[in-house]
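The structure follows.
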Amino acid sequence: MEQELTMLPELLVSAFLVIGGIFGLVGAIGMIRLPDLMQRLHAPTKATTLGVGGALIGSMLYFNMIEGEISFHELLITLFLFLTAPITANFIAKTYMQAFVRNSDLPETGRRYGWAVYDDPPNEDNIN
Amino acid sequence: MVSASGLLPVMVLLPFIGALAPGLMIRAGRNACATFAAVPTILALVFLGVMAPDVMAGNTVTAQFSWLPQLGLNANFFLDGLGLLFAGMILGVGLLVIIYARFYLSGDDPMGQFFTYLLLFQGAMLGIVVSDNILLLLVFWELTSLSSFLLIGYWKHLPEGRQGARMALAVTGAGGLAMIAGMLILGNIAGSYDLSVILQHGDEIRASDHYLTALILILLGAFAKSAQFPFHFWLPHAMAAPTPVSAYLHSATMVKAGVFLMARMWPVLAGTEAWFYIVSTVGLITMVIGALIALFKDDLKALLAYSTVSHLGLLTMLLGLGTRLAAVVAVFHIINHLTFKAALFMSAGIVDHEAHTRDIKRLGGLASLMPATATIAVVAALSMAGIPPLNGFMSKEMMLEEVAHADWFGGEWPIIILATVGALFSVAYSFRFIGHTFFGPVRDDYPHHPHDPPVGMLISPALLTVMVVAIGLAPGLLAEPIVRVASAAVIGGELPEFHLKLWHGVTPALFMSIVAVLGGALFLWQHKRLDRAWIATPRPEAKPIFDGLVSRVALGSRRLTEVAHNGAISRYLAIFTAATILLGLAAYRGGGLAAPTREMLPVPPLVGIGFVLLVVATGATVLIHRNRFLALILTSVVGLMVSFGFVYLSAPDLALTQITVDTVTVMLMLLALHFLPKETPRESPMGLRIRDGIVALGAGAGVAALSFTFLLRDVSTISDYHLENSYKGGGGTNVVNVILVDFRGYDTYGEIIVLGIAGLTLFALMEALLNGPASRRLRNFTFPPDRSRDRHPLMMVIATRVMMPIAAMVGVYIFIRGHNLPGGGFVAGLVISIALLMQYMASGFAWAQERKRFAYHAMIGWGVVIAGLTGAGAWLAGEPFLTSAFGYFKVPPFEEFELATASLFDFGVFLTVLGAVMLMLYSLSRLARYAGETVNEEPMDYDPSRRVEVARIEEQEKKDEA
Amino acid sequence: MITYALIFAFGCFGFGLLVTLWRLLAGPSPADRILALDTMVINFIALLILYGVWRGTAIYFEASMLIAMVGFVSTVAFCRFILRGDIIE
Amino acid sequence: MLRRLLPHPILSVTLTIVWLALVNTVTLGNLFLGAVLGVIIPYMTAPYWPNRPKVGAPLRAAEYALIVLWDIIVANVVVAGIVLFKPRSRIHSQWVVVPLELTSPEAITVLAGTITMTPGTVSATLSADGAAILVHCLHTDDPDGVRDEIKSRYERRLMEIFK
Amino acid sequence: MELVVALSIGVLTAAGTYLVLRLRAFPVIVGLTLLSYATNVFVFSSGRLAVGVPPVLNDSASTYTDPLPQALVLTAIVISFGMTAVLVLIALGAFLESGDDQVNVEDKTTGEGDA
Amino acid sequence: MNHWIIAPVVLPAMLAPILAYVMRFDIPLQRAASITGAVLLTVIAAGLFMLTADGSVEVYRLGDWPAPFGIVLVLDRLSAMLVLLTAVLGLVVLVHASATGWDRSGRHFHALMHFQIMGISGAFLTGDAFNLFVLFEILLIASYGLAIHGGGKARLKAGLQYVIMNLAGSSLFLIALGTIYATTGTLNIADLSEKVREIPVEDAALVRVAAMLMMIVFAVKAALFPVQFWLPGTYASAPAPVAALFAIMTKVGAYAILRMHTVVFGPDAAAIGALSGDWLKPAALITVAIGAFGVIGARRLLPLVSFATLNSTGTLMLAIAAFTPYAAEAGLYYLVHSTLATAALFLVADLVLARRAGGDALAAAPATQQNGLLAALFFMAAIAIAGMPPLSGFLGKLLVLDALRVAEYTPLIWTVVLAGSLLVIVGFVRAGSQLFWKSTSVDPAPKAEAGLAPDPALAPAAPTDRLGPLQVAPTMVLLAGLAALTIFAGPISRHMNATASQLFDPSAYIEAVLVDQPMTKDLEEHH
């Protein structure tokens, strides 16, 4: 009985750690395997996020269930990562596009203004 | 035998004190100047006169003051016969020269300066002759060089004056420096620098191993000063000085300083073979060469200058002979030379002054135009030629007599012949001086029609000439007493039997004299022919050689300096590094090393990976450093791995700090790189790269070996105390932080000051750049055309709005917990500044700057002041600076919390860091704005919610149109 | 069990570090390098968390949090440098 | 007045929670301190967040969060599959344009973030007037389907949340 | 572990030194950054290495790592940050004023030797 | 505990931020406050000097922590004297900078100056090796700011080099400190002294390396061969008043060697032996030669003055390198002399260049205004630095030479020093006659002529026509100081003698720091 009580948390923690590890690995493989940057961008932004997420949840569970301390620290890191990952991905994509993707290669915006990387934002002069 | 007198030092000081007056009286007129120069001289003469009877009675007047006893440099003065003779000469001639100069100098010359320099010189000279301490003597010795430099260069608009002054100073100064060494050796042998002590250690000194060295060094000084061969060349060039200076320095006093010194040291140094051969030979050579050259000089003053050289040689030779009688003759001749040579210089000056030329070839027949001057000059010149019954004749006779008995290089004939030749030349140039200047036909092409000068100018030479005659007629009465006391001082023992009189009977010297006079007359008769031959004869010219030497030394030094200090900092650093490695290695090899006491810790694979990353990233940084952006990214990796190492090795505080600092550093570098070239050109040649590579590898290996060596060995450290007392005494569980804000809070205080200064410096530099030529370059800065069009992307702006408060919260948290867990004011400050940076990146500098709540300058100021005041607060409790206090408090709604003054201190740290970082960024960003970045008024490029508004407006417009 | 899971995860993220290093060096575009650095930071955070679990202490948590924050900031700064030249305009 | 003191109430609440997470112990004292900081910090940073976003329907927001979380997990598995097993040549990447009806910058940001975090899509850039998102799809043979799903699954919900 | 740390210090020092010896300001700055990493680790290691025993007092731990070098390194990091900042701006200033970012200078002033 | 001991650090440290922030737009106010502060500092420093005159060693335990665990300040004769010298020099330089308008040519001049003074005084006072590093950095970073004060191409380039050199030096300093801590486990100088003496020769390799590295670090600051290269460029390009203050900065290096390598790594420590002196002597000797060559070879005035500084530093280090009390006494006397003389020379050079068309090239240029007064001042300063009588340079040099007569290679040392003096004299003579005697026939009136206009970066403002008394006073004060140093050479050298013997018998120092602890902090008090 006691055995089982400690087994379950251990199992859970281990599972999350392993899942985290696997996704970390996937992200890494994506970095090598995918041929161009826009594709490679997918791998880390998703896989690594979940990879870290797995590790974080594992850690949280570990401290809560095994060490017996309450730990919400990890949530904060998750919050950070979720807030920042899209932004960094967005920036990296733009960095790539600015140098390697021509405006003409992209689909039209369907609006009066082009994509932000290539076209000036509307201002008082060109709004009307 | 010895009597103390306070007058002696006062006498020496008088000219120095007097020197101030003419300088301050420049505007009071020439007479006032001259009077103020004459008064101290006269006073000094009076003092000397008061002391003279005592000295003449065979006593020595002394005065002693302690100056620098550790060194043995004492302001000790003594006045004996020799000193009395010289002091009298210096002051007497000095007075005459002052009178003469008053009339000689024109109204355009700054006379105040002249008299100041002259009195300075007089004081220095006086100091030399009455010093009872050889170091004190050196002080005065060098002072004469300096003041004579000023006097020779007095007419600074004349290139000859400047060059002559420089040459004189260089030569006499060099001699003086050699003499310093000689004197130091001498003092060390004798065990004292006091002259009176040294004079008693003659035998000991002569027996010493260092005698020869000391002798040579001292003689170098004396020879240089007295213009002895081969240093004789400076004296004629010093003739660019105004004539009073020549009359004073270059006949009567300064050049005699060398002779004086030889005379002074005579009891100590003379009497050895070395002395005999060096001094007499140099003297003899100088005498002959000087006289020979004088014969062919057309410039009156140059002629006299070389004649002086010759006579100084004569004196030197006499002293060199080492016999007591020779020394007596030398003393006598010093007096005689003084009288006729000073008179001659002054006469030459008068001629120059009146006829506006000193060129003997343009003169002649002046006797009828300026009879008074001519009389004086002729009498003095005849004395110089050694014609009876003038005083010059007597001393020359005695000299020849001495020579006739000397054994020089295995016989007496060589020296007899040379001395006679010298005397012959001397007669010849003296006759030429008389004949070609004053006799012969009156010309009509003088540059200026000459006539006798005002009486004032004639007084001095006339007086001197009177002495020439008087001494010649009554030597026993006028000269013998002083010659006796002075010679007694020189010899330092019993005087030889001698009498000063005109007629000594038929002696070898008489024959030699006759030969000399006849030969001299013959030479004058044949002068034209000889002159042509002389001009045709190639001979080394001293001045070009000297100038060449100096400029070669200067040029060589310049090359050396410019090769060494070529502005190549990379080479300096390479030398620095290489030297460090080698010296470190040398130091290492001097001591042993105990066996290792620690086991190595295991290396888990993950650490291995980290190590690989670190090494590869570092290596790659080196390899691709030309791509600057990439190099920055790679350094970030290195920083990341170093932080990783800190975490692994139990230093979370370090990891936190390292990672935040790195980020800010990278931001700064990126801001700077924006303006810098993005690529480093490949410009160092392979050889240089190999050199640098070797140096770098050496440095790496050295540091690695060093750290590895101590890592394997234990040592007990003081930090046990910190661990033990951190909580008890510092109120924190994070020992690192307690050390930072408490145990070693003073370091931290210094550290924030460094940051504060950095902020201020950057700000100041930025201001300077914007006001300098850099601003032009900035204004012309062009941006790449293909850069992205979105400057403040919406997503970033929105994310930042959420992130920044959270980051601020984290900053507060890190600050508060720092005392007990990793963190603290510094990291907190950086976190907050990174949060602000985020905001600045998102919405642009201008927009964010407008909304900042505190001035960054103020933050730095307050931070440093708060930290300082916290530290000073301890004074109120009577405790030392930075003594901390803490306590635990419970205020109802909150948890129990700790309040420590250290936290307040940490708050100061926080503020300074924040202020400094932001001020740095502000400074860099201002440059960018100057470079033409536009200022945005909106937080983001385009707020899409405005689309609704725009659509509404458009609709409205459509409606309106409709 | 947790030990083995941890070792596995360590291995994965460690491998991830190596891969990102390779990508960083190989490029080819600056964006790739920035991406690699960003991923490296994220892997690093994961490793820190795992290390915290390994040691059983939460003392490394601040480090990971700060790294998450500054990693973001420096990634954005690098991108902005390529995009605009001036990272704070 | 209250608006000046408490410019962003939601932010204040968030920050209080963040504080509790940071100190990692939930006590009344900490809650109070967190709340104090949660008021002070938004007050200090308010100039940087001039307007107050209108957020309604907190329940919808929670629902949205859960959906996204689920999608992230799915996305990861899908992407993992593509990354690991799909031959390079058979990965068909596409650009997809998603025209936006959302106008609130906050909402657009959340949408773009969601796109990036979910199945095989990365939001690459906005149009200059913020009216369309350019999305890069790792692998799809049906770009229009992707666009429609984004619009229906996420944008619609966000429109309700950010009214 | 000791060897790894020592080697890291060595590699960082060597790389830093090499870059410091370059002819342009920017590599020199990067080199100094690397050098400061090296010195930080060096000073840190003077307290000897320890794994998993941070100097934060708690009841369970009996040994700690040496806190003093850590405090010293913290000070050193901050100081070198300030220094680097100043260096960066001076380098930038020198570039803006002179148009090149070479660290070496040549004195081209000519003066007469003598006359 | 005497709280005044820390005043030379805290006073400028508090004043500077106020100058930088509160008064940042008001130069007259800054001047008033800054000079008042400097006067106050001088008074305090004089008081401290009096305090130590009887040979007592005062210890100030910062934070009330016992040594060697906390940081201590130690005030003994040496540190008190140098703090006083710093304060006086600081005051003089501040007056000069205010009177000539240098402080207007850039921002934060006064604040940086006070920070610099703080760093220097602190370095003299501290009794802790790492704290010495921190204060070195303070004085260095302030000096960076000051060296580039006013900006300009040449100055920035030189400043860049200066910063790079010193950053490399700082790295080495840290390595040396790390090695020291790694081998002795302590940082307090007094404690180090005891620990180093416990180390047997068989285990001395590391501590020897530490000693050597330390020496090189200080040699960089003191500008000793082969790490002297930075000095001429930096000094020549820095604003003159700053260079004048830097005169004491090189002395910090000399001081540190004097302190560390007697108290800690003294010849009496078995582990060290003659290590320090053996390497220092040739280095100093070569520095003397380099300085001399530089002076005679200089094309421009400021480099000439800088090389003269190098020459005098070398002479100073030669005395220190002997590590005997008498030589140290000579060295200390020479140190004071050399500081004042160098500073005076830089200030005169500044006055001259501000009034001289044609920059600082040693070439003929139109006669300067008030040639005579300036020439006289220059002449005095030059003979002081060249070691000619009657000023203290001659006595100092004699003392040094005399002190070194028992050293090995005395003939070589004497030859180099004396020959060096000759070159320096000749160099100054050439320079002086170029500057003051030789003038082109160009009328001095049209100064703004295109080719002859002074480099705006070199001088702060357009040449003012007349020297105000305030502009000359600082130089005069320094020269008067030199004169006083000469006249009172006896008592002064007696004091130096006492100082040196205190240095070579560090037992009082060690006892004051380690043994005479009032009562270690009552640790229970707080609970």
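We call the chains A, B, C, D, E and F, going by the order they appear; numbering starts again at 1 in every chain.
Quick note on the criterion: a contact is a pair of C-beta atoms (placed from the backbone, for glycine too) under 8 Å apart; a residue touches a chain by one contact, two chains touch by 3 or more.
On a predicted model such as this, the values are computed, not experimentally measured, just so you know.
Identification of common neighbours of chain C and chain F yields B, E.
The minimum number of touch steps separating chain D from chain F is 2. Comparing chain pairs A-B and A-C by the number of C-beta pairs in contact, the larger count belongs to A-C. Relative to the C-alpha centre of chain D, the farthest chain centre belongs to B.
The central chain here, found by comparing per-chain C-alpha centres with the mean of all protein C-alpha atoms, is F.
Chain centres here are Cα averages; for chain B and chain F they lie 15 Å apart.
Between the Cα centres of chain D and chain E there is a gap of 41 Å.
Chain C and chain E, compared by their mean Cα positions, are separated by 23 Å. A straight line joining the Cα centres of chain A and chain E is 34 Å long. Chain contacts: chain D has residues 18, 22, 24, 112-113, 125-126, 128-129, 131 touching two or more partner chains. Contact with two or more other chains is made by residues 22, 29, 41, 49, 69, 71, 73, 76, 79-80, 83-84, 86-87, 90-91, 93-94, 98-99, 116-117, 119-122 of chain A. In chain B, 159, 550, 554-555, 558, 562, 567, 569, 573, 577, 632, 648, 652, 673, 703, 706-707, 710, 715, 717-719, 722, 743-744, 747, 750-751, 754, 757-758, 761, 765, 768-769, 772-774, 787-790, 793, 795-796, 799, 802-803, 806, 810, 821-822, 924, 941-942 are the positions where the chain touches two or more neighbouring chains simultaneously.
Remark: chain E residues 16, 20, 25, 28, 32, 35-36, 38-40, 42-43, 45-48, 68-69, 72, 75-76, 79-80, 82-84, 86-87, 90-91, 93-94, 97-98, 103, 105, 107, 109-115 touch chain F in the complex. The part of chain D that touches chain A in the complex is made up of residues 18, 20-22, 24-26, 72-73, 75-76, 79-80, 83-84, 88, 91, 93, 95-97, 99, 112-117, 120, 122-129, 131-132, 134, 136, 138. Across the complex, chain E is touched by residues 55, 59 of chain C.
Against chain C, in their complex, chain B makes its touches with residues 605-606, 609-610, 612-613, 616-617, 620, 629-630, 632-634, 636-637, 640, 643-644, 647-648, 652, 655-656, 659-660, 662-663, 666-667, 670-671, 673-674, 783-784, 787-788, 791, 796, 803, 807, 810, 814, 821-823, 827, 831, 834, 837-838, 840-841, 844-845, 921, 924-925, 928-929, 933.
Of all residues in chain B, only 789-790, 793-795, 797-802, 804-806, 808-810, 812-813, 817, 839, 843, 848, 851, 853, 893-896, 939-945, 947-948 touch chain D in the complex they form.
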